[in-house]
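The structure's right below; bear with me while I get my questions together.
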């Protein structure tokens, strides 16, 4: 299973007056880690949008447990992989590690969407191409035909 | 039950290249709405931290469904209330409304924490004072004494 | 001269471990204030982009003095107006006031840009329509013809 | 002269609906680059604050020219160095490079500040220790005494 590891330095500006990461910043980290995971699979976002004619892979569901806080100056590692593939959606699991300890666990459900009829204001879910899933190591189920 | 309604203008800078809100921004909105909810209950954050000797009310669990996207120029309303009180934690429910439609639903679990022994690098859960809960309309359970 | 006044509540998440606003946040405030100033002149950004076929009004030069810091819980007022109009650029002056004191002064130079030939990756300066300037109270110079 | 080079990947979430970096994000980059420059000089921010008893090095003046926009997926390099040392302030120059072209030039003036009498709500400029300047390659001027 394709897994991405990203070391992130917690910056002063990521932290709040309590000196720990202001929680919305973690989702910026995780979004970048999903991007990096796709890149590891061979999909550079700017090209991917063009190649597949999609508008993006927006998050539609998010479940996150914050277990241990992080402070500016900390180096943390985010380990990311796709936990589940659906037809038009998929779930990315991110684990933010501080050494051996899992400090945060996040499950992002994202959808493969396009603009129907090229209308930039509308979004419509599309089936994720099999070749995309294959690049993540998904073995195509055998179909009886 | 105490409820806060906050109208939020979606700004250009809240949005991503798809023209819709970059999802981590929503958590900045919700955090501000929790602050506003407490203020409505009579707790101005800066004073509250001093009065109760706490370091903050960090989020430890987050569950969010993103149903309808929002775009720059939209005015949305966030309706917030405390859905559940525990001893040292509580759950805030935010509903981001676009007209009559619920566009996002978020459940934030937060903990009432202090720095043990004044050590600014450590955090420890504390019991939420009954007077805080009362200000939110919580009726204290009858205790047999 | 058209002037916009915007009251901004400094949020917990706007502040850094020193308890004061993390300076990049101010530029998010100012960007929203420029948007509000245009709206006061009758230009709703989403419509304005369509009406005039522009891609935006990006900042090309910024000069800012930070005089007094602000802390979470502060209510500050940003007073904004166009200090100067050029052919394709203009300068917005923002003053962030804490009571009577000017806490920050910022000069944003912005350019009226379009995508040449509809190419979304290219930007080209365009002359600002006279009707836009007029709405801001600019008296058109008399031309001898 | 000590110089720091930092490669930064422009993320989707750094960009606005025009597909280019939302300008306040650049200041987050530059702030992180100033941090990295200090680290290269041997000063890890968390330790530096403790060692010298300071509250931070807030920005008091900012001058920035935005010459070429950047888009998500771009890798840019920020070259940072201290352009000038004063008694209690210093100027950091950041150049954001896209290949050989300077896309942004920013001059950040920062002040070395402490909390007078330990009051966390007050800030006071302090003389920058000579050993800090020396680590950046500043040769101490000869004094006649």
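First chain written, first letter: the chains are A, B, C and D, and each begins at residue 1.
Definition applied: contacts are C-beta pairs under 8 Å (C-beta built on N, C-alpha and C of every residue); 3 or more make two chains touch, one makes a residue touch a chain.
Predicted model only: the values in this text are computed from it and were never measured.
Comparing chain pairs A-B and B-D by the number of C-beta pairs in contact, the larger count belongs to A-B. Taking shared numbers over all numbers used, the chain A to chain C interface scores over half, which places it in the same class. A straight line joining the Cα centres of chain A and chain B is 25 Å long.
Each chain gets a centre from the mean of its Cα atoms; for chain B and chain D, those two points are 33 Å apart. Chain contacts: chain A has residues 12-13, 16-19, 22, 24, 28, 31, 56, 71-72 touching two or more partner chains. The touching residues of chain C, counted against chain A in their complex, run 12-13, 15-19, 22, 24, 72. Of all residues in chain B, only 9, 11-13, 28, 31-32, 35, 44-46, 56, 71-73 touch chain C in the complex they form. Contact residues on chain D toward chain C in their complex (touch as defined above): 16-20, 22-25, 27-28, 31, 55-56, 58-67, 69, 71, 120-121, 123.
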